[in-house]
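The structure under discussion is supplied below as structure tokens; questions concerning it will follow.
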Amino acid sequence: MSSQKAFQFPYIVGLHDTDAADYLFSANLIRICHIAYEAMMASLGFPLGSLLKQRDFALPIVHIEGDFKQRLTVSDELTISAWVSRLGGSSYTISYELRKPDGELCATASTVQVCVDWNSSKSQPLPAPLREALGRYSEA
Amino acid sequence: MSSQKAFQFPYIVGLHDTDAADYLFSANLIRICHIAYEAMMASLGFPLGSLLKQRDFALPIVHIEGDFKQRLTVSDELTISAWVSRLGGSSYTISYELRKPDGELCATASTVQVCVDWNSSKSQPLPAPLREALGRYSEA
Amino acid sequence: MSSQKAFQFPYIVGLHDTDAADYLFSANLIRICHIAYEAMMASLGFPLGSLLKQRDFALPIVHIEGDFKQRLTVSDELTISAWVSRLGGSSYTISYELRKPDGELCATASTVQVCVDWNSSKSQPLPAPLREALGRYSEA
Amino acid sequence: MSSQKAFQFPYIVGLHDTDAADYLFSANLIRICHIAYEAMMASLGFPLGSLLKQRDFALPIVHIEGDFKQRLTVSDELTISAWVSRLGGSSYTISYELRKPDGELCATASTVQVCVDWNSSKSQPLPAPLREALGRYSEA
């Protein structure tokens, strides 16, 4: 996507992200992307802490996916680009790219989130203000 | 303490517990002990999942402590001993020892938990049934 | 796949696996599956700790994927089925299913691992003994 | 200690840091402090990634300790102060304070690190340049 549209987030790989094989432990790719996602949501006026306090709707992740292109380890400096690659009626997909300072693509990931009623866990349409906000980082 | 009184829990160090220096990442000692604690609580009839569903009281941890005696890494087989080393009116301390199959002590830890009202977060006396249950693994 | 071929691993969702929305935190699905994978590898005679000590080859994960079918939270008892759904020349795919005691499918996942030289990180054929061992849990 | 001497690090509590009881999961306090520690070390010219690549000495943590003063949860904005509260011949203690924007103290922690030979794991004197660098954030 065009770089103008993506949310940019700096991240330094921490010792806690790595494993004894001296690689980024695979599951932690999704954790790292989620940190960028939370920062993106906060920048849009929807910090997760507020959504959780309201207990109105939840946005559980129903699908995660990640690909590793280059070995990553402690102290690696990354820029994470995050954008809304699909904006549906009650769900959306966030795509992520992790690059080193020289632009090298190290990993990609995506997550699918569904809007559900807090109590019943039944899917519901995305609230209009959230949908509109997500549009700011949307490809469409 | 006498081994009769401690709850015994087997644990194998996972890749996700380690770091790029090929050590158990320090914070994960507390996570591992908490897994043993949850198993102990379940064995006493107080699985954490049920306590959380009831939303009556919470048992937040207010103090953690750990000491590393031997290097631990992936696939190390451990036995965790957990026991109630202090049983107060509204709080208690769980102590932990992690040993290899040959009995070598690799790490110790302790956590202090306080009973609080779910909504107000104010401390309150431990419910009698929980207090009685914890007594089964208590030194006193 | 036929249940005879899958490696079975019991797992109880821990507090550390969950998040403030009272869901299994998405990234932790991959961490949990990796614990089952490590147990499978140990059962095949290839504990990860030994592979890492030998520093001969590594098996980095190049792709992860997961789908959530049912909400999971603290103290949920699961059985994880893990099997080799693809056994290539220098890589393999492990597939996972997480089910509750009543058989309900709660989540699925898969990971792709590539065999690489420890030092150069270049891909290489799977060592024959490992390939043969993986065949025990292979669909093919 | 005087605020001039402490390393300051901003941190926003992430969903992955929390648990289903809507608290910061206790072990994660140490993980969060370690992130601040890594940033402090990098600011001193000793990024952990470089130390690990050199494989000359390691700085394993032999003691961890933490106290929770206030409930912390998702999206809480913190400033972590980290300083060297003890600088010994072959070990040192880092102390941490976590405060909200209004200055409220939410948690404290400390970790003890020992300098050991990379291969033998035997303790050795802190290298002079590292010792000198740590002095910049030392109380003494």
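Every chain is named by a letter (A, B, C and D) in the order it is written, and numbering of its residues begins at 1.
Convention: a residue touches a chain if its C-beta (ideal position, glycine included) is under 8 Å from a C-beta of that chain, and two chains touch if they have at least 3 such contacts.
It should be emphasised that the depicted structure is a prediction, and the values quoted were computed from it without experimental measurement.
*Asks:* Using C-alpha centroids, which chain lies at the maximum separation from subunit D?
*Replies:* The most distant chain relative to subunit D turns out to be C.
*Asks:* Counting C-beta pairs in contact, does B-D beat A-B or the other way around?
*Replies:* By the number of C-beta pairs in contact, the winner is B-D.
*Asks:* Looking at subunit C with subunit D, do both copies bring the same residues to the contact (over half shared) or different ones?
*Replies:* Same: when the shared numbers are divided by all numbers used, the fraction is over half.
*Asks:* Using mean CA coordinates as chain centres, what's the gap between subunit A and subunit D in Å?
*Replies:* 27
*Asks:* Could you give the separation in Å between the centres of subunit A and subunit B, each centre being the mean of its C-alpha atoms?
*Replies:* About 33 Å separates the centre of subunit A from that of subunit B.
*Asks:* Centre to centre, by mean C-alpha position, how many angstrom separate subunit B and subunit D?
*Replies:* 23
*Asks:* Residues of subunit D that touch two or more other chains: which are they?
*Replies:* 15-16, 20-23, 25, 27, 31, 34, 52, 73-74
*Asks:* Considering only which chains touch which, how would you classify the arrangement: line, ring, star, complete or other?
*Replies:* Its topology is that of a complete graph.
*Asks:* Give the list of subunit C residues in touch with subunit B in this complex.
*Replies:* Counting only subunit C, the residues touching subunit B are 12-16, 22, 31, 34-35, 38-39, 42, 47-50, 52, 73-76.
*Asks:* Can you list the subunit A residues touching subunit C in their complex?
*Replies:* 20-21, 23, 25-31, 34, 52, 58, 60-68, 71, 111, 121
*Asks:* Please output the residues of subunit D touching subunit C within their complex, sorted ascending.
*Replies:* Answer in residue numbers: 15-16, 18-23, 25, 27, 73-74.
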